[in-house]
Amino acid sequence: MIYLTRHEHFNAAHKLYNTNWSPEKNEEVFGKCANANWHGHNYDLMVTVKGEINQETGFLMDVKVLSKIIQEYVCEHLDHRNLNLDVPFLQGKLPSTENVAVAIWHQIVPHLPEGVKLHRIRLYETPRIGVDYYGE
Amino acid sequence: MIYLTRHEHFNAAHKLYNTNWSPEKNEEVFGKCANANWHGHNYDLMVTVKGEINQETGFLMDVKVLSKIIQEYVCEHLDHRNLNLDVPFLQGKLPSTENVAVAIWHQIVPHLPEGVKLHRIRLYETPRIGVDYYGE
Amino acid sequence: MIYLTRHEHFNAAHKLYNTNWSPEKNEEVFGKCANANWHGHNYDLMVTVKGEINQETGFLMDVKVLSKIIQEYVCEHLDHRNLNLDVPFLQGKLPSTENVAVAIWHQIVPHLPEGVKLHRIRLYETPRIGVDYYGE
Amino acid sequence: MIYLTRHEHFNAAHKLYNTNWSPEKNEEVFGKCANANWHGHNYDLMVTVKGEINQETGFLMDVKVLSKIIQEYVCEHLDHRNLNLDVPFLQGKLPSTENVAVAIWHQIVPHLPEGVKLHRIRLYETPRIGVDYYGE
Amino acid sequence: MIYLTRHEHFNAAHKLYNTNWSPEKNEEVFGKCANANWHGHNYDLMVTVKGEINQETGFLMDVKVLSKIIQEYVCEHLDHRNLNLDVPFLQGKLPSTENVAVAIWHQIVPHLPEGVKLHRIRLYETPRIGVDYYGE
Amino acid sequence: MIYLTRHEHFNAAHKLYNTNWSPEKNEEVFGKCANANWHGHNYDLMVTVKGEINQETGFLMDVKVLSKIIQEYVCEHLDHRNLNLDVPFLQGKLPSTENVAVAIWHQIVPHLPEGVKLHRIRLYETPRIGVDYYGE
């Protein structure tokens, strides 16, 4: 069993805002992250897959194919977007790092080649704040 | 002559959009950076000052004071803000990395202690795109 | 189950020195790390907690609260201190990276909110030397 | 149980090339990585070992000893070498990051001190492509 | 006057070898860098251009255009190549970091837009070894 | 003219303390940096030299020789030392980053080969605080 990680990134706007709450409650809970006019981040995304090494290629899977899957199903939808407004697979979700990481998991799983399992989504919102999701 | 650099950061939303142009021209020139719903970045800011070493303290200036100046006159105005909408000292300016760096220069210069000169504003919008401004 | 990591840092002096041994034995075992006049490091600390995502906030827990806990119970006691002399919760312990990481675990555990578990303390003494502790 | 990680690096040339295949098939599968004249990387290697903390030293093991083991059994054989041609313990293996990581595992295991187990080989070929191997 | 820097990278094989010298003299001067079977690096390239800010775009120049120039005239020729054998604009040159940086300067200069000057080529061969060239 | 930079590092203890002042004044000016029991840092040192490229080697100078000079005349004296107590070339100097950078300049200048000039000492005390000294 080998684990392969590919790093990608996307730059996006968001706010932390629960639409069921008053602006005051949002301000109280989320502070400056609730700024009505948005703020944004350079997100660092690390996708780890696992499985057996193919004896002919020496690969778990071609990392260029993994990169393409992440680009097509994740980064093209999130990069230079507003995570609250522009992203179909985040509709109705509060775009916290936690929720975005879980949503990315579900975007990638269906597209991995046979024999390759998604192991972890690691998403950093800033260099000092990150989350890991293992699908459980 | 010694040069002292302090690194700070802020996370902000913006779009590249010339309000004198049509949406189509903005899209043509700025591409996805013109997204009407904004995008954002973790900006890395490095402020370099220069002057003589004070013989009693061994300092050009106290780096904690420099940090406080950057916080008070720059980061508090930019962090978790929308650079097109929320920042008085950027009003009427297209918030490109170039323009933001120049504006930061003018925010800091009046507040440095006597004998200390601002040397350079270095501003990175992403880890791969940065600008330097020397006040000339 | 989601995992949230917060990065913090502190700068401290220490020496590796077993007070039950002779200076010669300390020198033999710890080499230049036993220097009687101390040396020091910029420590990088990554604290990972785990639990369920709160549906209303999208958070495992507010990362600003996590940061505050780490500041109050760890960094304020270690930053700009001597790990052998100045830190009540390290008294009588040889301040190796391993021992400091375990001590940090015990400083943080009692202060986490209900439903949030401490998962890992990762402590880097230099960019090339780090330890992980999972509380087991 | 504590985990200790040491970072090392080596710079090497390689190509991805299955000698049982035609040049055309290699080109088709491996693309520019199959370039007959080689390419190369700065590899980052992180070796993690685990075990109990020794009460007298505060160490799982002396990290300088771990570094020496990695140097002697891994880096001296790989640094400034051609991974396809120059390395006895890679003979007959396609030097993908996956295969090199597994081979490094087997180079290190026999040399660890009693009571210390190898936990993970993490090998990054570029800052954005890495593999983990846990010996299973 | 503003300075804009774009970071790019390429992965290549090379050896330090003066073809006018004997293998022994090459080994004596260049040590393991002269290994006949090559070694390689992940090169980090930072290209800095300078000029006036365009008032309509807020740009010195579109950084995507700068990136494209670097890709087309530099990286496509160097990435996954052998710097001694595969690169027309390095023919007959010993591919030291110094010489490669100077050659990259001459590849980029003719392609910059009017009003934009090349300021500096910064090329890192490893994270600890870099050169700067200012065209003088 | 080419510029060559070598990165090195050392880990040291120090305090900011003017021995002509009372403990109270030191505490007032230097805050926690004046802690009587010391604190410490992982210092990052970048030494830049300049000159002409040697046509036979492609080098400004052999970077391994530069590294050796830095090791012998700087790092061996500073690494795992107390900058206030243990370093002959810092005797009587307040070991601020500024003063240490200037002292390092004078340690290196006499040992460079003919035709190679020292251009800059860059010294980072933490990842966010650095100084540059150009010998003027």
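Labels for the chains are A, B, C, D, E and F, by order of writing; each one numbers its residues from 1.
In the analysis below, contacts are C-beta pairs under 8 Å (C-beta built on N, C-alpha and C of every residue); 3 or more make two chains touch, one makes a residue touch a chain.
Small disclaimer: the values here were computed from a predicted structure and weren't measured.
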**Fill in**
Listing by label each chain that touches chain B and chain C gives A, F
**Asked** Measuring centre to centre with C-alpha atoms, which chain is farthest from chain A?
**Response** F
**Interface residue identity across copies chain C, chain D - same or different by half** = different
**Asked** How many angstrom between the C-alpha centroids of chain E and chain C?
**Response** 41
**Prompt:** How many angstrom lie between the CA centroids of chain A and chain B, rounded to a whole number?
**Reply:** 28
**Asked** Of all residues in chain A, which are in touch with two or more distinct other chains?
**Response** 127
**Prompt:** With chains as vertices joined when they touch, what's the shape: line, ring, star, complete or other?
**Reply:** other
**Message:** Run through the chains and report each pair that touches.
**Reply:** A-B, A-C, A-D, B-E, B-F, C-D, C-F, D-E, E-F
**Residue numbers on chain A that touch chain D, as the complex places them** = 1-8, 48, 53, 56-60, 62-64
**Touching residues on chain B, where the partner in the complex is chain A** = 9, 11-14, 32-33, 35, 37-42, 79-82, 85-86, 126-127
**Residues of chain F touching chain B in the complex** = 16, 18, 20, 29-31, 93-99, 101-102, 127-134, 136
